[in-house]
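One chain, chain A, links the two complexes that follow: it is found with chain B in the first and with chain C in the second.
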Partner chain A sequence: MFTHIWKKEIRGELYTWKSMLWLVIASLLFSFTSYLLLTNQELSLLDQTELLWLLGKIMIGVALLIVTIDASSILNVEFEKETAESLFLSPISLRDLILGKLFASLTLWAAIFVISIPYIVVTSAGSHLAWAFMGYVALLGTLGVVGLVFLIFGISLLYRSSKNTITTALIILLAFATPALFTSTLKNDIVSQTFSAINPIDNIFNSLDNVLVDYKTSLLDNWQFLLPLIVFCVVAFLFLFLSAKRFTKQGIIKND
Partner chain B sequence: MIKSTEKTFLLFLLLISVGFVAHAYAAAPPLTMQIFSSSSLSGTAGDFVTVQGQIMNTGSKPLGDVTTYLSLMDNQNKLPVDLEDWSAEKGLYIGTIDAGQTLPLNWKIHFVKAGTYSLIMIAEAAGYDSPQVSSITQFNVSPKRNLNPKQVLPVALGTPIVLIFIVFLLAYRRRVEE
Partner chain C sequence: MPDIISAENLKKSYGGNIAVDKLNLHIKKGEFFGFLGPNGAGKTTTIRMITGILKPDYGTIMIDGHASSEKQKIAQTIGVIPESRGFYDWMTAIEYLGFFADLYGITGKEKEKRIASLLSEVDLTKRKHSRIGTYSRGMRQRLGLARALINNPQILFLDEPTLGLDPQGQEDIQSLLKKLNAKGVTVFLSSHLLNEVANLCSRIGIINNGKLVAEGTVSELQEKTKLKDKNLTDIFLHLTRNNQ
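Let's turn to the complex of A and B:
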């Protein structure tokens, strides 16, 4: 039954020019970045692998931002437009609703990944890293997006408000992203090192660095970064599970 | 009775012997570091080279807590270089080297930035204040220019154009359906 929700969402999200414009802007951003990196006199002196690393971070960063915004409103819109009641009167369970919306958010990530493939191919030409780059962007991006969507859906079921969910979700994304951009000098103390080890965005960027700059392309070499990402997904799923339980207990009409 | 001249002589001997002891403690460990790879390595930024060498305990006793590490200097800027990205293994803890024992040392170096650099291997051992250093290996790294507008331009322009075409196609189809 969730496929019905999924198709409905996709139709709404990718079937109008307004809802597709962000994808065109994302591709313009990738075009601008890759053109600048490959043609600018100063930037072109960068080692190609560093260039790929930078581009990979931009691709996953854009995907996380777009999916965060989308996931923050995709569930809440049913509560705000008061369509949730009629939805649950039909043979659609909360599980179907969440699964349908999850797949819709993942479809946005898939769309970003598909448009990033030509850029990955052209920037990694001659480096023998095209497949590894593509594979790791797909794997790390999917793990990051799934965990983040679970977390945001959990918040959505608690808040039932797009405005509050989007504010909280963007602050969480910023809290994850800002330390990941710190230089290694700022990560010398135990607190920042511990946070870096559990921060999903740090792990995504470090794994890309491991693959593209240090040429450690096997899954075994990246296990130290993949494991925290999997743990993040599991913890976010548990949070969503508990939020869904609370939501079921409270009912659709919440008495504040 | 000891005469004052004898006293002065004894004091002089004492000072010399103290100096010898102090000097022996401050000396570098009896290690020899030889480099077999060329003393001058050239390449383009992004290339990998291997600096091959060996470390040998030339003393008569085993040496404990032996650690080797690299030091890289930018000759143009006259500054040491952070080895981040240049070498995955910045230091190597060897532990104990028996008397007369020889161990190979291979360092894979990634040329990150164009310029001329000087690399030395350094070895330290427990109980010695001074390190032992190898001879200098010169790196001549030429810049890598990734200028390929012919490859990137069709993709940079083509992808957004294809997407804009898809957007208009969807809008047209939707209008027809309505």
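Let's turn to the complex of A and C:
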């Protein structure tokens, strides 16, 4: 059943000028970054692995931002445009609706990833890291997107408003992303180190660093970064589950 | 004739406000039931509880022998034009009905046939490839009716289906409803248009302040209220003013 919702979302949400604009923006950002990294006098002096790591961080960061903005409205639009009632009067369940919308968000992430492939190929030319780089961007990005979308859908079911959801989701994304951009020298105290260990974005960046800079490409070498990401997805799913339970209890129409 | 809709002791409140209070409704198969009440009387809340969109605080609902917890079975039995009339404006009528047909598991030739027949019935065949965003209010209402009928429902719930329509639009919807009822579909119509209800419905229920204050045919209501020569408007005003 969720595939019908997924198909609808792809047509109605992804094949739109808004989504195409996001993809063009992502592509321009990747082009600009790659161009700078390869041609700028100082940046081109960076070791290729450092350069790939920087590009990987930008790719996943941009993708998470775009998916956050898109996912914040994808569920709420059904309440705001008053289509939810007709939808829930059909045999569709909330689970199917959420699954369909999750796959739509993953499709957007997949489109961004596909766009990033030529840049990965160009910047990793001559190194043996192209496949590992591509594989880890796909894996880490997917885990990050899934966790984030679960979290955003949970917030959406609580607020039922795109505006409130997007504000909250961006605050959460910034709260995760900003400390991840600090250098490790600024993370000396126990609080920063603990936050860094559980912060999904920190773990994405650290895993990329492990793969590209330290050449530790096997999954076993990266489990300490992958595990917190999986835990983040599980916690976000539990939040969505509780939020969905509350939503079901309240009913599709909150107030009359 | 068995009850196709049975609601016992329904109660729903929002915060401290009681929207529906100990409401009992029994509707027989094939009936054309009119549900009347002033604004805020509890009509929409009652429809939403019966159709499973809202959970009652108290009470039981049975639809064609299914308890309200059997959502999937009830969804296959009923068709609804809800109060909130959102559409996917970027879809065409054919895509919109196709999407809902998919949700009901209607596929292949059967889906095509049903969509074509419904579009013709609601007179939208010529505009089937136009985006819903370009439709007039009347066309949207007719498309909403087509969507409500996509699963060949046994019971049709209509919450103000002719609201905001011109006389021609009202007439079109009313004649469609008459045809459907003649084919055996049970119709539950909530409307503010008392003439519409008087002309179409075999039995009428009047709700006021969340309570069902009267129920019966127009002549039964005349007898109950002792307003023998009066029309439905007078009966309605008498019942709703006296109970405020």
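Going forward, the second predicted complex is superposed on the first by the 252 of 256 C-alpha atoms of A that agree within 3 Å, B and C clash if a C-alpha of one lies under 4 Å from a C-alpha of the other, contacts with A are read in each partner's own complex, and residues count from 1 in each chain.
Keep in mind that, in the parts below, a contact is a pair of C-beta atoms (placed from the backbone, for glycine too) under 8 Å apart; a residue touches a chain by one contact, two chains touch by 3 or more.
Source: prediction; values computed, not measured.
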Quiz item: Can A:S86 be said to touch chain B (first), chain C (second), both, or neither?
Solution: second
Practice problem: In the overlay, answer first, second, both or neither for which of chain B and chain C A:F176 touches. | Solution: neither
Self-check item: chain A residues touched by each partner, larger count belonging to chain B or chain C
Solution: B
Exercise. In the overlay, answer first, second, both or neither for which of chain B and chain C A:G12 touches.
Key: second
Quiz item: Which of the two partners, first being chain B and second being chain C, lies in contact with A:Y159: first, second, both, or neither?
Solution: neither
Quiz prompt | Touching partner for A:F133 - first (chain B), second (chain C), both, neither | solution = neither
Quiz item: Which partner does A:L21 reach: the first (chain B), the second (chain C), both, or neither?
Solution: first
Quiz prompt | First (chain B), second (chain C), both or neither touched by A:L51 | solution = first
Exercise. Would you please give the residues of chain A that touch chain B in one complex and also touch chain C in the other complex?
Key: 16
Exercise. Could you please specify the touching residues of chain A with respect to chain B in the complex?
Key: 14-17, 20-21, 23-24, 27-28, 30-32, 34-35, 37-39, 44-51, 115, 118-119, 121-123, 125, 184, 213-214
Quiz item: Along chain A, where are the residues that touch chain C in the complex?
Solution: 1, 4, 8, 11-12, 16, 81-93, 249, 251-253, 255-256
Quiz prompt | List of chain B residues in touch with chain A within their complex | solution = 45-46, 84-85, 88, 112-114, 143-149, 151-153, 155-160, 163-164, 166-168, 170-171, 174
Exercise. Sort out for me which residues of chain C touch chain A in the complex.
Key: 14, 19, 44-45, 48, 51-55, 71-72, 75-76, 78, 80, 82-88, 90-91, 99-100, 102-105, 144, 147
